[in-house]
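Two complexes, one shared chain (chain A), two partners (chain B, chain C).
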Partner chain A sequence: MTARLALAGAALAALAVPLVAPVYYTLLMLPFMAYAVVLLGLNLLFGYAGLLSFGHALFIGVGAYTGAFLTTYTQIRSLEVILLIAAALGGTVAALVGALCVRYVKIYFGMLTLAFGMVFYTFLLKFYRVTGGDEGMRVLRPTLLGLDWSAMPKTDYLVGPYYYYSLAVLAVATIVMWRIVRSPFGLCLRTVRDNPAKAEALGLGVARYRWRAFVISAVYAAVGGALLGPPTGNVDPTLAYWTQSGNLVFMILLGGFASFSGPLVGAFAFIFLQDSVMSVLTYWRLVFGAILAAIVIFAPGGLMGLFHRPSALEVSRR
Partner chain B sequence: MATILEARDVTRDYGGFRALAGVSLAVRDGEFVSIIGPNGAGKSTLINVLTGVLRPTSGSVRFKDRDIRDIGPVALARLGMARSFQLVHVFPDLTVLETLEAAVVSRLRRGSRLFASLAADREVESQALEVALLFGLGDKRHAVSRNLPQGDKKLLDVASAFALRPEIILLDEPTSGVSTADKTAIMDILVGAARRIGCRAIIQVEHDMDIVFGYSDRIVALHQGRVLADASPGEVKANRHLVDTVIGRPPRGWSIAASDPDPLPPGAERSPAKPPAGSPRPAC
Partner chain C sequence: MVTTNVVGILMSGVFHAAVLFLVAAGLQVVFGVQKIFNLACGSFYALGAYAGVSAVTAFIGAGGPPVLFIVPLVAAGLAVGLVGLVVERGLLRYVYERDETFQLLLTFAIVLMMEDLIRMTWGTAPRSTAGLYLAYGQARLLGAAVPVYNLIVIAASVAIAIGIGWLLARTTFGRIIRAAADNREMAEGLGVDMRRVRARVFTLGTALGTLGGALVIPATAAMSEMGVELIVEAFAVVVIGGLGSMRGAFVGALVVGVLQAVAISLYPEMEMLLIYLIVIAVLLLRPQGFFGRAAA
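Here is the complex of A and B:
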């Protein structure tokens, strides 16, 4: 119950941000919301299915470049269409990549996903005629719900319609994920994480559940990735680089993967922490490294783990 | 009586080592069969072959008249075979009820329901609860498996196999690691549950001879990958030599003295049917 109240409170606060907060912080909320969508999916894979992907930037890249390709090479400007196609492409790529990856677990799974991520990164970098190489591609301002905002100043567009659009996408993504983790499928996923041999003996096909979780998480990552493009108006290969995947893992650890809202908290803390540290220190990664170490050692349950405690044992067990 | 599970001339090699050497075994409707034998006799390998975890090197395994060599544990569970494990196998982070619900979800083929609410699925919940009550775990249904005492973990492992409502169930040492006092209680629960859900046969691997002789209809004795005997408990007990070979020391309460000073040499084969001449001690 308190969780629901907290969530409702957070939703209300998010609605109020553009009205009360400075534009600068409202703009910072945009990458937060995009990454929050990505992390909701990644946590289905990590927190619920027990698979840690080091290559999810691949799917962010697929989503972000989908927006760039569609607005550059076609007449499609509708963000709904972009999101749908991004989701479909992310899911398709994950269906293929995942079919191989889910046969492996632990570090082997992580390394395989990393390898596929690097392949995609190199593709974006080297096929510069199509992808623009390291300069990336432009993302033209998309229409929202069929409405064209091209006459509006960019900042107004971002802190206004685009902000609320992103928030709506995040809300839908959260509700859908909330249902997924509480479904029979979600329960089966946890059995697969906890004890694959036992799950198989109960007739639950481990590889199939892992594969489904992988595909769903990729769809989320692609949708989140597609949301990342319009605020900057540009996408480049660093979105798909492995450090990006590392950031995602950091965000999940920061927020705590043992709870549903951990990834949301992690994305929020990461974005705003990164901003505040960067404004005073060039070597922000130094600070982040120290924070990451401190979390793993002192708060293995992440920020959410500080609120409800049983996580330390769970983490050491994993 | 119809045969449910049948192994014919099954061998299984690990590299150069032959763990099973031509094992044949048939389990019929209504039977409780115990597989016994010393460590390394091939009991766990046999269970793993029968449950589709391992593929036999040669020979066939048929369940309900289907060749099951290649279908794997998941399909076997769906066909109606369930198993529990030698070492405790629970889902550490799941509660007792969730564990049983997972089995029920699997049996009802609802694992693909992505957006349905599990909490609202009364059918799954009531069936899981029924099994929890049957196994005396009703009060602990909200306990997280990791925190259960060892005996309850064992019970939960077995209970989740029963929640599949299998036609046949294979139990790998269902009472190992459980106090002697609790063993009979667990076995009674187990046999009662099997009757209740309409399970057609039970196969167990067990070291505790009180349990083996107290509950089995038939005992299959393995020794060095071969079936040394396939007989009723009475016949096994009467076979002095067999007792020495596969049981070693006679269990508590038996009226025979210490083991044979000249045990069966490794690899040696004597006819299990007749005890060797000159065996002075009386059979039990």
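Here is the complex of A and C:
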């Protein structure tokens, strides 16, 4: 119940941000909301299914470039259509990649996903005639709910309609994920994570459950990725690089993978911490590396873990 | 003419393979004993490269003869390998009992920190040792001009490969390493001080990476991104060869190095794509790699 209250409180606060906060911080909320969608999905895979993907940036890339391709090469400007196509493409790619990956766990799963991620990254980088190479592609301003905002100054568009649109997407994504993890499916996933042998003996198809979690997480990542493009108006291959995948896992760990709202907290903390560190010194990686090391060594439960400690079982070798 | 080109391409591939092997060997020896996939080995490689540039520049600036530049280069590469000891004692030793997810993430944290530490120390502009690459001249190999320096590095890498093979197979330390890789608890039960073994092995692995970085530097410039770029290549090497296997690192490095050189000259778009597709094929068909053990 407290979790629901906290979520509702956070949602109310998010609604008020454009009205009360400076434009700068409202703009910072945009990548936060996009990454929060990505992380909600990734946490289903990492926190609930126990699989560490080191290539999830692949699906962010799929989503972000879907937006760029559609607005550049076709007449499609509607963000709803872009999100749907991004989700469908992300899910399709994940269905294929996942079918190959879910036979493996732990480090081999991580390595396979990393390799697939790098395949996509090198494709984006090297086939520059289609993808723009390392300069990336432009994302034209999408229409929202059929309304064309092209006359509006960019900042007004971003802190106004686009902000609330992102927030709505995040809210829907959160509610859907809440239902997923509370469903029998979510419970089965945790069984598969904690004791795959027993799950198999109980008649749960372990590989099938992992595959489903992988596809769902990829759909989330693609939707989040598609939301990342319009604020900057540009997408480039670094979105799909392996260090980006590492940062995603970092964000999850920062928030705490053992709780539902950990990904939201992690994305928020990461984006705003990065901003405040970068405003003081350029070497944000040094500070973040130190933070990550400290979390891994001292607080594997992440920020949320500081409130309720995960049991030793969840942290130690699975 | 055709043979000349082919020889030239192959030799540049083998040169790259020689450097890749050193980094991959460092990755393998650490994975063998610590069971940690060390993402930071690419960062150690970058550190070695920058240290090499600084040492050689200082050496030439102090009036040292250009022909001897390889001495400070190798010395610097090996010396910064001691960073491994600091990293192992300061960070890694706290996570040996943890889930491998956390171990992987800790090495990722080291990647982040090292990248900025290098930027803080050496700045963001690429650094190179101008003009020393051809200090030893060029050799003619079936009509192709190959820098003698490349041949030296290739020879050194092969020598190190033989040296590691000897170390693992014939010395007491090597037997301890193999025992610890096989069965840590049994090794500890038989009186092996795992703390010391881990510290030494990690330092050895780091020194191989930093040496690889130092050796590559006369041929190319040191850049702050070189670490994160190399780690994915080294990753391909160990996956193709098989995690934990030295022979695998050797063969994998040759495969990746030569294929890359061939792809660059024939169809540049395919350069890394080809490598990753091979990696995926190997992981799917033979996850233990060509020389890894069956248990995967």
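In the analysis below, the second predicted complex is superposed on the first by the 313 of 318 C-alpha atoms of A that agree within 3 Å, B and C clash if a C-alpha of one lies under 4 Å from a C-alpha of the other, contacts with A are read in each partner's own complex, and residues count from 1 in each chain.
Heads up, the rule we're going with is that a residue touches a chain if its C-beta (ideal position, glycine included) is under 8 Å from a C-beta of that chain, and two chains touch if they have at least 3 such contacts.
Because the structure is a prediction, the values reported are computed rather than measured.
Superposition of the two structures on chain A shows chain C fitting alongside chain B with no clash.
By the touch criterion stated above, A:R4 is placed in contact with neither chain B nor chain C.
The angle formed at chain A by the C-alpha centres of chain B and chain C is 80 degrees to the nearest 10. Contact with chain C, but none with chain B, is seen for A:I297 once the two complexes are overlaid on the shared chain.
In the superposition on chain A, contact is made by A:I107 with chain C only, not with chain B.
Between chain B and chain C, the partner in contact with more residues of chain A is C.
In the superposed model, A:Y209 makes contact with chain B only, not with chain C.
The superposed arrangement places chain B and chain C with a least CA-CA distance of 13 Å.
Common to the chain B and chain C interfaces on chain A are residues 317. The part of chain A that touches chain C in the complex is made up of residues 46, 52, 54, 100, 104, 106-108, 110-112, 114-116, 118-119, 122-123, 126-127, 241-243, 246, 249-250, 253, 282-286, 288-290, 292-293, 296-297, 300, 315-318. Interface of chain C with chain A (complex): residues 37, 39, 91, 94-95, 97-102, 104-106, 108-117, 119-120, 228, 232, 235-236, 239, 268-273, 276-277, 279-280, 283-284, 287, 296. Those residues of chain A whose C-beta lies close enough to touch chain B in the complex are 176, 179-180, 182-188, 190-191, 193-195, 197-206, 209, 313-314, 317.
The part of chain B that touches chain A in the complex is made up of residues 51, 72-74, 77-78, 82-83, 85, 89-94, 98-99, 101-103, 105-107, 110-119, 121, 124, 146, 157, 160-161, 164.
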